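Structures given as structure tokens follow.
In the two complexes below, chain A is the common chain; its partner is chain B in one and chain C in the other.
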Partner chain A sequence: MSIGDLLFLFIVGVTLAGALAAVLAGSIVYALMGLVVTMFGVAGLYVYLHSPFLAMVQILIYVGAITVLIAFAIMLIGPQYRRPKEWTTLGKLGAAAGVAVVTLGLFVKFVMEVFPRTKAPAFTVTTKQIGALFFKDLVLPFELISLLIVVAILGAIMLALFARGDK
Partner chain B sequence: MTDFFYNHLHVYLFVALFLLVSGILGLVYRRTLIGMLVAMELIMNGAGLNLVALNRFIAVENATGMAFTLIIMGIAAAEAAIALGIIILIFRKYRHVEGAELQEMKD
Partner chain C sequence: MEQLISIIGAQAFTMIAGLIGVIAFVVVNALALTWAERKVAGHMQRRIGPKEVGPYGLIQPIADAIKLLGKEILTPGAVDKPLYVIAPILIFVPVLVSFIVIPFDARLVVSDIGVGILVILAFSSLTVLSILLAGWGSNNKYALMGAVRSIAQNIAYEIPLLLALLPVIMIAGSFSLTAIVEAQKGLWFVVYQPVAFIIYFIAAVAETNRTPFDLPEAESELVAGYHTEYSGMRFALFFLAEYTNMFIVSAIAVTFFLGGYQGPILPGVVWFLLKAYLVVFVIMWLKWTYPRVRFDQLLNISWKVLIPLAFINLLITGGILKL
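The block that comes next holds the complex of A and B.
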């Protein structure tokens, strides 16, 4: 077992633990921290999948933008927030066990059968090829993404403007 | 010597499946809209990891899976912005963000 293997297992464990924390934590702030941990773990897995560019984009967009956005929303909603009833600790343990069993069952039943164990092929795709793909074959989806983001910005502005009058 | 854990497709697929299942559990379990949004982001992360892992192990000659993961990230950003705007509007109007108690769409 090499150092890369140990690091990989650590990243996988952190990702799984973060996902469970994001779902089962009692406080929504802890859930957000679990989401951040999960996203960093997925970024580490991207590095192991030979795509460091995706890892950086993952950290920039998910950790840098989306979680900050959710944190802002939590802060805006914060003090008057009626805390809803959550499950008991026993229920949470049961839910965690259920997630583990369902995941393992689906994994053994479908994934292991559909994808055979083969040796990992050599992988030489670089960031340059991703960029070339976006400018040659995927031009239309790329432009549609920019259109979607413009519409989302306008929609958010309109929501904020029209909601100011009535309270 | 070359048989490392990180050279196996199944490990990545297992992590992605775990993210999907725990995200679905979160959608069912959380009562507030923000908690459901956090679970939604988990599901999107799982989808992205799945695409990149399959690109690296099955379709090694092109970068389509990575490109689609980038597209998923863009869509997730737009979706989170709009969803949080709507959640804050709901909070201003009803003073709570519990999904089950929102029973009317207009006024």
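The block that comes next holds the complex of A and C.
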């Protein structure tokens, strides 16, 4: 095993450990920390795949913006909240495990079908190429995503207003 | 020496040497800045500042550091221990990472990564996170209030900060800090982008939680904010990180707007440090001149003034570049 392989295994291990912590932690703040570790792990995978831009954007957006927003939401609802013990019953655990196994199977099948095993050399994408793609070939899906986010924000505002009782 | 290089490889050697240099610089910089801050504060208030220990009180920060090192590491009983312990360590990660990409001179940079500025901005988000951990882990109402304020403030000011840096990146056509400095051979970007510079500067002062934007640690209402429960070396880590962050935002201002290491006669690194410490001095000057803003004022400045202004500036820059 080369140093590169060891590094890869280490990054994968960190990512998985973070993900497990995010799911299993009883306290919501610890779950958030697990999520942060996972995000860093994923960013590490991007660096490993020669995509430093994607890695940094991953940290910038997911750790810098999304997690901080989640933290802010936690502060609003009260971080003292802990998951009650009686929520985790054996049946629920079984159901969760079942869903996990089926999803994993589907995912593996999808990866096998879509990405055939070839020994393609690692390629590097420059930031310029990514930008050009977004504003030329992929401009329609890109704009559609922003529209989707606007709709989601409007929906959240409407829900908040109705919950308060204003019409 | 050469044997060592041949064993671990030249690249790894530069990296390790660079990291040792960075750590040494962080400590010396923080010691110098605490001394400078107390001197500046003193003279602005018609006092002398520290003068007893060493000539002009120069050894004072070292005496303070030894005092802090000698203190017992105290952990209050009610804290959430893992979070409480990890927060001061975590706040140091972005500090160290940022120094790796800052070009002190044309060749004096630990690693010139192509996406340099993104590395700094991405990792600086960890600062907020560790403040949150410190506030929540301390299990103290003042600490928690300080953390909540810090998060609101950082969300508000990260946006104008990024938007003010973007026009410069557009003009230079690169994320690499060295390339941005090289693009300022003729004229500094502060001439092309005065509005962006002012927006960046205000946002940077807010990001480093300094007066007039120091609400997260407003001592008259929140004791010491998020680090109320910390003492000894753990407190010193927060303190070190704050002063180093002050230097980092100044270094970015110099790199992006003030021509970086470029200047006549003197070597580049001297110019870089001169400019950076001048910006640091202006930040200190602000601290001892202006009172603290109110919280609603703080958020309104960002959302209603800085962000629209930064967007307009970005649009105009983009339009002119396309012409």
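By definition in this document, the second predicted complex is superposed on the first by the 98 of 167 C-alpha atoms of A that agree within 3 Å, B and C clash if a C-alpha of one lies under 4 Å from a C-alpha of the other, contacts with A are read in each partner's own complex, and residues count from 1 in each chain.
What we mean here is this: a residue touches a chain if its C-beta (ideal position, glycine included) is under 8 Å from a C-beta of that chain, and two chains touch if they have at least 3 such contacts.
Fair warning: this is a prediction, and the values are worked out from it, not measured in the lab.
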Identify the partner contact of A:V139: answer first if only chain B is touched, second if only chain C is, both if each is, neither if none is. neither
- prompt: Which of the two partners, first being chain B and second being chain C, lies in contact with A:T15: first, second, both, or neither?
  reply: first
Of chain B and chain C, the partner touching more residues of chain A is B
Does chain B (first) or chain C (second) touch A:T103, or do both, or does neither?
first
- Using the touch definition from the top, say if A:A31 reaches chain B (first), chain C (second), both or neither. first
Practice prompt. Identify the partner contact of A:L93: answer first if only chain B is touched, second if only chain C is, both if each is, neither if none is.
Written response: neither
Query raised in the report: If you stack the two complexes on chain A, which partner ends up touching A:M56: first (chain B), second (chain C), both, or neither?
Result: second
One more residue to check, A:A152. First (chain B), second (chain C), both or neither? first
Residue overlap on chain A between the chain B interface and the chain C interface 53, 57, 65, 69, 72
Listed in rising order, chain A residues that touch chain C in their complex are 29-30, 33, 36, 52-53, 56-57, 59-60, 63-65, 67-69, 71-72, 75, 79, 126-127
Listed in rising order, the residues of chain B that touch chain A in the complex are 4-15, 17-19, 21-23, 25-26, 29-32, 34-35, 37-39, 41-42, 45, 48-49, 52-53, 55-58, 60, 62-64, 66-67, 69-71, 73-82, 84-89, 91-93, 95-98
Contacts from chain C onto chain A in the complex sit at residues 80, 83, 113-115, 118-119, 121-126, 128-129, 132-133, 136, 144, 147-148, 151-152, 154-155, 158, 175
Counting only contacts in the complex, chain A reaches chain B at residues 2, 4-5, 8-9, 12, 15-16, 19-20, 22-24, 28, 31-32, 35, 38-39, 42, 45-46, 48-51, 53-54, 57-58, 61-62, 65-66, 69-70, 72-74, 76-77, 80-82, 84-87, 95, 98-99, 102-103, 106-107, 111-112, 115, 117-125, 129-130, 133-134, 138, 141-142, 145, 148-149, 151-153, 155-156, 159-160, 163, 166-167
